[in-house]
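Multiple structures follow.
The following pair of complexes shares a single chain, chain A, combined with chain B in the former and chain C in the latter.
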Partner chain A sequence: MKRSVILAILAAGAVLAAVPSAGLPAFYESFLYLLFHWIVLAVSWNILSGYTGYFSFGHGAFFGAGIYGTAFLAGKMDWPFLATLPATMFVAALLGVALGAVVFRVASIRGEIFALLTLAVTFILATVILNTRIDGGPGIYLISMEIPKLGRTQSASIYAMGLLAAVTTLLVAYLIYASKFGTGLFAIHDDEDVAEVMGVPTYRYKLYALAVSCALAGLAGGIHASFVSYVTVSETFSILVPLSVVLMSILGGSRHWFGPAVGAVAITSLLYYATSGDYAVAGRASVGFILVAVILFMPEGVLGLYSQWRRRRNAPAATEGGTAHAPAVPVPSAAARVVRRPAGPPLLQVEGLSKAFKGVQALNDVTFDVRANEILGLIGPNGSGKSTFINVVSGHYKPTAGRIRFDGRRLEGLDAHRFAQAGISRTYQIPRPFAHMTVLENVATAGMFGGNGSGRAAATEAAREFVEFAGLGHRAHVRPDDLNLHQRKFLELARALAARPKLLLLDEVLSGLTPGEINEAIAMVRRIREGGTTIVFVEHVMRAVMALTDRIVVLNHGRLIAEGDPAAVMDDEQVKVAYLGKSHA
Partner chain B sequence: MAIPSLNLLLQSILSGIFIGGMYAMTGLGLGLAWGLLRQINLAHFGFVFLSAYLCYQMSTVGGIDPLLTVFVLPPAFFCVGVAMQWVLSRFRISAFNSLLVTFGVTVMIESGIQYVWTADFRKMQSVYAEEKFVVGGLFVPLPEFLTLAVAVALSFAIWAAMRFTDLGKAMRAMAEDAPIAAAFGINERGLSLALSGICVALASVAGICFALTFTLTPTQIFSWVGVVFAVVMLGGLGSALGPLVSGIVIGVSEAVAMALFAPSWAPIVSFSLLILMLLFRPGKA
Partner chain C sequence: MINLRKIAVAAVAAIGLAGALPVSAQTPGPVRIGSTLALTGPLSATALVHKLAGEIYIEDLNKRGGLLGRKVEWIVRDDQSRPDLARTLYEQLVTSEKVDLLMGPYATGAILSAIGVAQRYNKMLISHTMGIPSLAKYDMHFPAWSLGPDPAQTVPTTVFEGLAQTNKPPKTVAVVTSKFPSIHFLSLGAREIIKKRGLTEVLFLEWEFGNRDFGPIAARVKDAKPDLVWVGDIGLEGNMLLEAMKKIDYEPPMHIHLYPAPGPLANAPEGKNALSLTIFEEHAPYTNDPVAAQFVKTFGERAKQAGLPYTAVETQAAASFTAWQILEASIVATNSFDDRKMADWLKANRVKTIHGTLRFDRGNNFGDDLMRMKQVQDGRWVTVWPKEWAPPGATIRTQ
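The block that comes next holds the complex of A and B.
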């Protein structure tokens, strides 16, 4: 978080607060008010939708809840105007949380399905308001509503409220953007499953973000009621509200906290200019044209382009600093190999673990222990259940039956982020980095949410070490897209380590690497264990398995068929049959 | 809630079936493009209205029988659809972004319509407009009947084509897995251009039906979006017969809700169905 940004927002607010006393023509006040209004709507929309990628078309519903909350309470129930604002913010947030509590439970509701669903909610809310006492059909007149005197004239008071709301919204958006919470939201945007497995409480975070976003939209609505002074359902719940908000955010750049504000200013100015100059139709047409052009030619928006330009400018300087593959941590000598450890106490105990997918029994009654500080090899032919095992023990899949006891705690049935917080972390066979974060940010995110978690600054500091350890120091500030496969694999490893796990699940980290790179990786895995981490090592490269593991567990068709000392297990008749088939001799 | 007479109830069910035909006609091309091309074409509604206005213009000013515009408008809109798909695939637009791009296109179409024809209401005066006949005590207006007949005929024709012709099979294969289909020698590029063309041509047919039946005004474009999306999702994306069934189901349930409660409650029906559908059968969507 930069204090300068917060000061800049406050300073801009202070300067703008002086505008009404400057004696400008009154239409400046109403024009600037409209800017503030759309800034609040677009920036608040972005807190859920831009940050997490859950594009909502339902922002109109929460805005509408705000406008009708105030209209009903002030216009029909004779509440004082100021008292309606907290009430409407609360109602809007409550609506959002109620919606989110259902919708965010269903994993398949993402992308366009989420967008449509929220749009449908908007129309339902509109129908209910239209047909009940809240509106009843004719709309609500608010001419007689008393607006608190925050300025010399009524329009100056509305201006002041709009400004206050805009400043508040920008501050909230920036504070979230620059916090651990914000990092979690961006992780959800890039890969929600990975974020959850890494320790981000995705469900809760999405709900919080939605609540904040809705409350601010409700505030914008409440204030807007005083501006329009006549409220109708068809105007309030028009599809143009959510779509304008989406357009503004995309134009400005929806991954940046300030992007939607840029878009809001641009679009509102354009429309205002066109309407006042009698080119309303042309103005609308050009808004449509801008949307098409932006998505085709700059889908990351104005500020997206700006950040890209900044990354480019910084990148070459960073490249010269680091040397390729020079691990800072001393490599244990090759002579130290094949030291079998005395068995420690069990760290992970799985008992009767089963997982079925619509009749396919991927894991079938598997029971074994992983002991503290050992490297356990988990092997088996393709489709034997190794990856399912990793997915169950990292919490991604819930087991159909069986128990998972880790470090003295029962974990089965808990959400995946609880597994990560307990001290389990994993890598993916096909690397799944967060695509819109740099290498360093990827690693820092894992540090923030895994294990006991740490603050954003501390995690970023620690992440440098892990990036260095994985030999990626010279690539710390590029995005994963610019890495080759080998580097992405090591990024996976650095990210898993940054969580400081007690148990590390390595899912085929060596596949696709060259023999030289495999040697490098073997040395690295050893060093990780030297650091006190227990490792479950899923691998097809038998040379590495034999060199690294203390014990081996063999799965076949989801069942455990052998367990024990590597050499003895490889000699086991059942294991040979599983890999090579029955001998006919 | 007042219980309406049986005759009134039957008449509303009938009008529900007819409005369902319009929903189906509008949703047919939209659902096919969504399911088979991963193209969420919001501009579909823009094309429907543009076609309706053009039909209005040709028949009111040009004096052509509105039904004859079928030979001009759908082929022209076919070309528009081809061009649109070419742009979308050229820029590798994702499903979600196609929704946003086509929204931009819709706003441009709406502004264009407003510029040319103004925001006034327009109603086509044709020989068909006031034609109706009586069957068993129920009024059947001719334009609505024509719309339903066209929707049924086209839905079944497309269903049969998808099911029984090689081209239809190729399209289904392409929708399932485009790269594999291409590896089996299916011209994926050509097919998707053609399919997009067909879908927009269907929008144009829907527009002609629309002009025959309804009063036109540009802002109406967006009021059809919600309910037709509901029809398309309920019917199943990429299905030819689905929108027909779900369109009629939604049309009838809206009409019954209107007859039993107030007309303004009607949207609750389709949108609740849509939400339940998305929550409990999202795999289908």
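The block that comes next holds the complex of A and C.
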């Protein structure tokens, strides 16, 4: 978090606070108020939708809750105007949390389904307001509402409230953006399942983000009621608000805390510029054309482009090419001697573990232990249940039956982030890095949320070591898209290690690598174990399995068919049958 | 040798002197009148009618020498159908562009925004179609649409008095209405009048503005078997309701629509004999006024050129034209552009307009209710009540 940014926001607020006393025509207060209004709405929308990727078309509902909160309380219940503002923030936040508490529980409600659902909330709320005494049909006229005197005129007072709301919103957006919370939200944006497995409490974080977003939209609505002075359902709950804030955020860059503010200023100014009566339609059409062009050529928005430019500038010159720098670990020869370790006490105990998918029994009554400080090989033919096992033991899937005891604690039934916090970390067979984060950010995120977790600064500092360890130091500031497969696999590894796990689940980390790269990886896995981490090693590359593992467990059709010393297990008849089939000769 | 320095000094002095001359010694600039209209956005179809009517009026006014010898310049801004933008634009017109006079925008929300600005800067504001008189509390606001101070009572009274004169006066009424603010209160008023006049309300239903599914409403109306359907509609809602009725083989005996889109209802087969409200139609006695007749002619031609869907002058265009008549009358009478003087004069005097003589001395300056009833007869709208505004021989037709 940079203090300079916070000071810059406050300084800009202080300068703008002086506008009403600068002797400018009062119209400027009114116009600047509109900018503040849209900044609050767009930036607050972005806290949920930009940061987490949950595109909401329901911002109009929360804004409407604010506008009608003030209109009803001040216009019909005679509350003082200022007292209505915290009430509207609370009502809007409550509405959001009530919605989120239900929809965030359902994994399938993401993307367009979430967007449509939130849009439906707008219509429902409009219907309720229109058909109850909150409005009842005629609208609420607020001309007699007393506006607190915060400036020499009424316009100046509304201006001051708008400015205060905008400064507050920008501060909140930045503080979230630069915090561990913000990192968690961005992780949700890129891959929610991975974020959860990595330790991000996704449900809780989404609810918090939604509550903050809604409260700020409610505040904008409450203040705006005093600006428009006549509140009707059709105008309040029109599609204008959600469409505008989406457009503003995309134009400015929804990945950046300040992006929506840039978009809000640009679009509001452009639309205002196009208010000439002679060319009204042409003016608005040209604004639309400009926006389409900008969004087409700058899909990440203005500040997205800026961030991209900064990343390129910060990246060292020699960042190209598919050949990674040699990892900072000694590379053993392929025939390196296998050193077996003495078995420690059980770290992970699974008992009767089963997982079924609509009748397909992917895991069937699997029971075994993983002992502390060992490398346990988990092998089996394709479809044997290895990846399902990893998914269940990392919390991604909840088991259908059975127990998972880890480090003395029962974990089955808990959310995935609790598994990560308990000290279990994993890689994915097909790398699933956070696409919009740099290599360093990817690794730091794991450090913030896995295991005991650490602060953002400490995690970033520690991440540098893991990035170096994985041989990606020279690629620390590029995005995963710029890495080759080998590097992406090592990024997976670095990310898993950054959580400082007690148990590391490696899911086919060697697949797709060249023999030389496999050697590097084997050396790295050894180094990891030497650091005191227990490893479950799922792999098809038998050379690596035999070189690394202390024990082997074999699954076939979801059942455990063999367990023990690698050489003995590989000689097991059942294992041979599972891999090679039965001889009918 | 020419002294360039002296020439430059002389030129600067000349320019400075010109700037220092008293205003009266210069040619007076145009009178600048500022307003916004919803030229884009959901209200634009109607606002374009107001723009055209205003342009026609200003062109004619300037041909006649303008106002107090000064040409008139109308500065129109597009409020994009947004009341908040209307407020800011009116503030720009007053405090930054410093226009001399204001003219109102279109639609109630924007008008109320404009009233707030006018009130803060002590400017007079004439509005075209302010639909809810009770909200317009500013003493220098003057409505061109003469609804009277309590249209919820007076408009339904006019309607039911007219219908009582027919050979089949309705005894049972179904009231179905949009919850659009400027319509809803009139429909609620109609319910009271129905009760007062001893008629029976057999059905009351409301829908939300934006509703597109009128099937269930049509079925309920059919079941209620009313003599008259009071339809509190706006735009195409009435057409949609009638189409839904047609689908279930139902034709209401009589139906009155509050603010329908005039063209589509007149042209639809099911719109036959539909009743509605008006302040002006293109026939005598309105067109006996040569000003009105000329406006009707010009508007028809220009509306056709502009591609407007309905080229006849009716309530919206007439109210717009009337607004400019009120402004001109107050300036000419007071020989001044002083907002306060003009407002005081309007409160104390009557103004002859194309849809009648208006007064502004009561009820938020809303004067008399000049709303009349019209009917689709042979594919065109005809005023049918009160009789003095109906063309010769026209009466209310019943089934």
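Basically, the second predicted complex is superposed on the first by the 552 of 585 C-alpha atoms of A that agree within 3 Å, B and C clash if a C-alpha of one lies under 4 Å from a C-alpha of the other, contacts with A are read in each partner's own complex, and residues count from 1 in each chain.
Keep this in mind: contacts are C-beta pairs under 8 Å (C-beta built on N, C-alpha and C of every residue); 3 or more make two chains touch, one makes a residue touch a chain.
Source: prediction; values computed, not measured.
Overlaying the two complexes via chain A brings chain B and chain C into a clash.
Looking at the shared chain after the overlay, A:Leu130 reaches both chain B and chain C. Using the contact criterion defined above for the overlaid structures, shared-chain residue A:Leu240 touches chain B and also reaches chain C. In the superposition on chain A, A:Leu34 makes contact with chain C only, not with chain B. In the superposition on chain A, contact is made by A:Val281 with both chain B and chain C.
In the superposition on chain A, A:Val102 makes contact with chain B only, while chain C stays out of contact range. Of the two partner chains placed by the overlay, neither chain B nor chain C lies in contact with A:Ser354.
In the superposition on chain A, contact is made by A:Leu271 with chain C only, not with chain B. In the superposition on chain A, contact of A:Gln429 is made with neither chain B nor chain C. In the superposed model, A:Thr153 makes contact with chain C only, not with chain B. Clashing C-alpha atoms with chain B appear in a single stretch of chain C, chosen from 8-16, 80-88, 134-142 or 242-250: 242-250. Taken together, the two structures place residues 126-127, 130-131, 137, 238, 240, 281, 284 of chain A in contact with chain B in one case and with chain C in the other.
Within the complex formed with chain A, the chain B residues making contact are 40, 87, 91, 93, 95-97, 99-101, 103-108, 110-112, 114-115, 222, 225-226, 229-230, 233, 262, 264-265, 267-268, 271-272, 274-275, 278-279, 282-283, 285. Partner chain C is touched in their complex by these residues of chain A: 25-28, 30-31, 33-34, 37, 126-127, 130-131, 137-139, 141, 143, 153-155, 224, 227-230, 232-235, 238, 240, 271-272, 274-278, 280-281, 283-284. Listed in rising order, the residues of chain A touching chain B in the complex are 55, 102-103, 106, 108-109, 111-113, 115-117, 119-121, 123-124, 126-128, 130-131, 137, 238-240, 243, 246-247, 250, 281-282, 284-285, 287-292, 295-296, 299. Interface residues of chain C, counted against chain A in their complex, comprise 36-37, 39-40, 42, 51, 75-80, 82-85, 87-89, 91-92, 94-96, 108-109, 112-113, 115-116, 120, 132, 135, 137, 179-181, 184-185, 206, 208-210.
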